[in-house]
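See the structures that follow.
Two complexes follow with chain A in common, the first pairing it with chain B and the second with chain C.
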Partner chain A sequence: MIDTKTNITQTIIDSLSTSGNKVSFMPDASVLDAVRFLEEKGIPNAKHEEYKYCNLEAVFRRDFKSISNQFSSQLGVAGHKLAGCINLVLVNGTYHAELSDKAEGITVSTLHEADKAILAKHLSRYADVNADAFVAMNTAFCSSGLFIHIRGVAEKPIHILNVISANGISLVNPRQLIIAEKNAEATLIESFISEGDAPAVFHNHLTEIFVDENAKIKSYRLQQEGSKVTQVNTTEAIVKRYGNYTTNTFTFGGSLVRNNLHVVLADDHGEAHLNGLFVTGGSQLVDNHTLVDHQKPNCESNELYKGIAKDKSTGIFNGKIFVRKDAQKTNAYQSSKNILLSDDATINTKPQLEIYADDVKCSHGTSTGKVDENALFYLKARGIGDASARRLLLQAFAQELIEKVEVEVLQERILYLFEKAL
Partner chain B sequence: MITIKNLHASINGKEILRGINLEVKAGEVHAIMGPNGSGKSTLSSVLAGREDYEVTEGEVVFNGKDLLELSPEDRAREGIFLAFQYPVEIPGVSNINFLKTALNEIRAYKGQEEIPAKDFLALIKEKQKLVELDAKLANRSVNEGFSGGEKKRNEIFQMAVLEPKLAILDETDSGLDIDALRIVANGVNKLKTKDNATIVITHYQRLLDYIVPDFVHILYKGRIVKSGGKELALELEAKGYDDIKDQFEDATL
Partner chain C sequence: MANEILEEHIQSEYKWGFSTNIEADEAPKGLNEDIIRFISKKKNEPEWLLEYRLKAYRNWLNMVEPSWAHVTYKKPDFQDIIYYSAPKQKPEIKSLDEVDPELLKTFEKLGISLEEQKRLTGVQSNIAVDAVFDSISVKTTFRETLAEKGIIFCSFSEAVQEHPELIKKYMGMVVPHTDNFYAALNAAVFSDGSFCYIPKGVRCPMELSTYFRINASGTGQFERTLIVADEDSYVSYLEGCTAPQRDENQLHAAVVEIVAHKNAEVKYSTVQNWYPGDKDGKGGIYNFVTKRGICLEDNAKISWTQVETGSAVTWKYPSVILKGDNTVGEFYSVAVTNNHQQADTGTKMIHIGKNTRSTIISKGISAGVSNNSYRGLVQIRKGAANARNFSQCDSLLMGDTCGAHTFPYIEIKDKSAVVEHEATTSKIGEDQLFYCKQRGIDTEKAIGLIVNGYCKEVLNKLPMEFAVEAQKLLAISLEGSVG
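This part shows the complex of A and B:
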């Protein structure tokens, strides 16, 4: 009998290898390791601890038996750009300068055109191909990528608009490298939309981001892909001394979205803030896996994730915090709060704290419940109908996350999408 | 305005209201007194439509309508207002937004248009003055972090904005300082017309010095066991519930 695991993986490897895309910017050693890892381990199934509730092998088996990678050229991105931002448009992972705004004050290019010395120093240095199948897959098969280099203070927010546009069963592996030099400051928005009528798209997105000394990156992720798109979104962030990486993830779309968000506080006095909000409906699944790795002393991390699950949907939060032996005087907080709107919806939460230093302040808490009945009755007793009372309470629940969005046009869009998703 | 006949209600199989009869007419103020746990808040919750309680017997007619058939929101829209004994904190929902939503849903129910923003602000200002509510409180989340007294004052503020036909004030006086008590009572009196009515639930005569009732009822073990004029409250204040308890202990076993 043929081993199905290898079979699926082999299909992918064959189909991508023959598509003629050559990964010229990726270090050869990484590509070789990545392919070897994929061939040996395959796509993780439900037995894999990290993918227990999020069985992507089943998705591959169902939807990606053959991959045609037919991309559509029909595009309507204008409505998705954000006013006042530097809009960078990526179609199926490929940067289109002609659709994008002029990048003033920052350096933007494809990875093919990026500075070789910088690539040698950073690319594939943070995302470990031997740790995860999707990192390996992206590293082996990414055919296009975006490079952003930030020096000094970027005045306008940078908006990376990722458009998936496909007419066939497609697998897309976009790669991004973002370097914030010492003392640099920028706001980064990544939004994810899809077009076309592909029966299925697998979007395996990977970003490595380097936040150098005293640099500050505020980032937002807005996921609103269509109901036929599966997305694995991996972010590997490295924060150096006094650096600050803040990230807010809003997930409203996609059939299955898995976010692997890893932040390494690699030097002292670094800060990481990880926030997230999702609303799932239908049979959607949204899985936020976060890892904050406190490696050095006096760092701080703060994490707040909230989810609302409707219908038969599933929400997952898995938050790991490592506090290494050297990381004395660490402050690490984590909280996950969820609301189930139906008896058929599921939320799984799992905080995991591993602490090897003794002088630390850590706390975590998770809660999953229904809409507060007392509050609901109070609102109704004032004449507010059931539907609007629930809406008010859900808006209130999400408010502290939506309020964190400091870019006004983005906040408006998120609020609109949130209300639409309810 | 409201006629309650032989009302029985239970929670988790335990009967709390055991045959309440009460009639309140427009323009009247009724006080309900009674020892802790006698069912005063249960009665107000049942009237407001709290679904935890099961009405097992009896009927309530409110301005010609079968009240028990209506959803809590429709009761409020018909003009019932309950000032909660324990107002609920709702973080993230601003007082103003909450009141605006409530007012507009009530107006929509009556076939009226939404209140223009300007008029709403004017209304809020006027009613804030009436109950001397700090403008800052109006902008905060509903009751969140309010002191006990501020919560009670906020209830009366809401009542002032929504202008109900029948207001049920469940121990609105508890937790109020002397000045606040006077302000709140004053507010209630100013809102009084010949077309609306008030049920005041209280433990203390003090409030009834300000809001003078036409009738006083004593609720004991789920029944109104005694009714009278305002002098009944004075009598209770002097003697306590001992007589009542002695007299009705057996009957309620």
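This part shows the complex of A and C:
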């Protein structure tokens, strides 16, 4: 799709490959492929079908420096920790044991220290460097990462607190590998915050999750970074037989947030649930890009994304259900609902079905509109003012998703952030 | 059982594949400015039209063939195409007797002969046929009846000669020559087509119809249709086609433009049944068409209905630009693909005016090893207050080797817009089939019944004459696809 490599890409490659550390945990072949892919394809612009509404090339018209190893030591992370959870603190992608809670019942380490055999088996196996520029960029230039290994049932939710702390134009490429062994169960919370007064930060986050047979992972993603942070958050999840992967993404912050969420149902009877809620204001852009790849029979996937766009902001939903030839008896459902609160706001949706098996039940629905006038009238007739009535209706709109949060402290925080965003 | 029926169908030859021997007046193969001058000269065109063609051609040279559609095919060699061929013409044709008997036979074989049509609908037929044989219009019937009302319905070339002011004003208004690769190619080399003008306040008393045929071997067909409905007018326009069997791929890049003025309504129906290629995917027509209408002023309405069963590769998005306030756009489509056919079809609804409404109903059916995609755009521009859209895209899969896809694009920039889209993909329900079989309806007929029911919403929108043909086509296209 992209015809020529841009100068911008070359600049990034040049500046990073000389200054960046040699990444010891990443397989050499992957790094080579990644650099080659970046050199050939460059950073996608609006001409790229998958980035049609989300022009990231424009973001790169600045001189980014890799900062994963530098940060100021005075961090106010305490207030962002969640009570009752295992809080793991990552600063610019680097895991800091001294700031984190003791990991009980699970194995947590940096990728440098992780078991080499497990890395060889899983790392860079699911995120295809030849498929996407940001996967390639992360693979080529990540210098720090987190490894979580879950066996059995993790009692406490695991809270990964990603802090971006920067004072100059910065590029961060953190990497995470999460392995849930057979029959494992865990709740994962990833939250994203930023500190410092950097004029621009590009946070290129990549997570690979392996959900083995009968394992169950419930994950939450809370994005509340500052208004100068651009985040591309790629998640590649593999779900094996009878595995269950649930993810809920809540986006309130960031100047441009692009979530690439790919779930592969790689064996029969796998299950995936993808949910998301965003509220955008100002000139924010939030782009939720999901792909559910049904590879084997009898799997099920469900998707529900809702968005509220205010001011001059843009909300995008692009979801694809991909059903392969072997994936008979697939049940897949996808729904995207959006509300526009301003004439300057934009909602673009592209729900897609690509289906190669016949014995399937697949459907999608999307709707975009305004606050229901009838409902508004009903409330006003009962003496509720216009502003409160609208607020109430928007809360009701979001309730369906906020309700899905099973961790109480997190639900409270999300509710608070949602109210604030309105 | 299923396999036997499937085999039988796959073995069955394209019923309407034949070729007629009419001496063609051809241009040499290839494309350059001289060929364009040759075409223009052959058609005795005014200078400005030649300039238009040349401009389009020069522009086309800088364009790249689009590759975003969900189809794969061997790109045509544009230098290996004959861009102009006309059947040997007789100077004056006043009655059917004077028409080349070979040509009449061709139409008879197609089951759409002028005579049969006359017989079907009584002596005074209600359907005016502007028969396009290869690239130039051979005979236009009913012109006199239409002329009484002030309706102009003639071939594009004639319109260029007789109504140059209208052509100059409207041609390229909706689909400019810079629009896309194939529209540019068409603008440069278009051979002929139809022109229709409905004057103010006139309700066209009959369905206007054109049959497109691709005949001479290796001839690309570049039709151009222009329909202009002036204020308070109404017209229902039909287009249908079948093509002879050919082994090499033939390119068809047509352009259809519709302009609807204030309070005007245009209904455009298509049944497309070009040669889809044989069971191995050999041959077949490449159908890369640009169809677009504009509701230029308030309260105008444009409605597209299409039944697509033919062509090896289809790439077609009949669209409506809703510019005036209170305008309405509609798109009803049934697309059937079998064997190695590939279709990437859908629509674009561009809402610009206030209180604009659009409806999209698309039914895709895939069988064999075919791929059938719906691709549509609903765009609500800023200021298009109270715009409303409803889209429904259903896909039916027959067999586990085919694909059905939905790629809707929805772009909304106005907060008062209400846009809904839903899509489903499924196969024919076992219980539906069981129900029918239990009542003594065999599998074959039951499928026909269920498919016809599935497409009913769209077929209902077709004019009577077409609905019958369309149902027949559906049955033929899907004969024995599933057991």
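Definition applied: the second predicted complex is superposed on the first by the 402 of 422 C-alpha atoms of A that agree within 3 Å, B and C clash if a C-alpha of one lies under 4 Å from a C-alpha of the other, contacts with A are read in each partner's own complex, and residues count from 1 in each chain.
Here is the rule we use: a contact is a pair of C-beta atoms (placed from the backbone, for glycine too) under 8 Å apart; a residue touches a chain by one contact, two chains touch by 3 or more.
In this text the structure is predicted, and so the values were computed from the model without any measurement.
Asker: For A:S342, select first, second, both or neither according to whether it touches chain B, chain C, the two together, or no partner.
Answerer: Second partner only.
Asker: Counting only touches as set out at the top, which of chain B and chain C does A:A396 meet: first, second, both, neither?
Answerer: first
Asker: So, A:N374: does it touch chain B (first), chain C (second), both, or neither?
Answerer: first
Asker: With the two complexes superposed on chain A, say which partner A:I384 touches: chain B (first), chain C (second), both, or neither.
Answerer: first
Asker: Looking at the overlay, does A:G365 come into contact with chain B only (first), chain C only (second), both, or neither?
Answerer: It touches chain C, and chain B stays clear.
Asker: Contacts for A:P199 in the overlay, against chain B (first) and chain C (second): which applies, first, second, both or neither?
Answerer: In the superposition, A:P199 touches no partner, neither chain B nor chain C.
Asker: Quick one: classify A:K350 as touching chain B (first), chain C (second), both or neither.
Answerer: In the superposition, A:K350 contacts chain C only.
Asker: Using the superposition on chain A described above, determine whether A:G76 touches chain B (first), chain C (second), both, or neither.
Answerer: Once the two structures are laid over each other on A, A:G76 reaches no partner at all.
Asker: Chain A residues in contact: does chain B have more, or chain C?
Answerer: Comparing touch counts on chain A for chain B and chain C gives C.
Asker: Name the residues of chain A shared by its contacts with chain B and its contacts with chain C.
Answerer: none
Asker: Hey, which residues of chain B end up touching chain A in the complex?
Answerer: 48-51, 71-73, 75-77, 81-82, 84, 87-88, 90-93, 97-99, 101-103, 105-106, 109, 141-142, 158, 162
Asker: Please name which positions on chain C make contact with chain A in the complex.
Answerer: Counting only chain C, the residues touching chain A are 68, 382-383, 395, 397-427.
Asker: Sort out for me which residues of chain A touch chain C in the complex.
Answerer: Spelled out, the residues of chain A in touch with chain C are 49, 53, 325, 328, 338, 340-370.
Asker: What residues on chain A touch chain B, complex-wise?
Answerer: Those in contact with chain B are residues 372, 374-375, 377-386, 388-389, 392-393, 395-397, 399-400.
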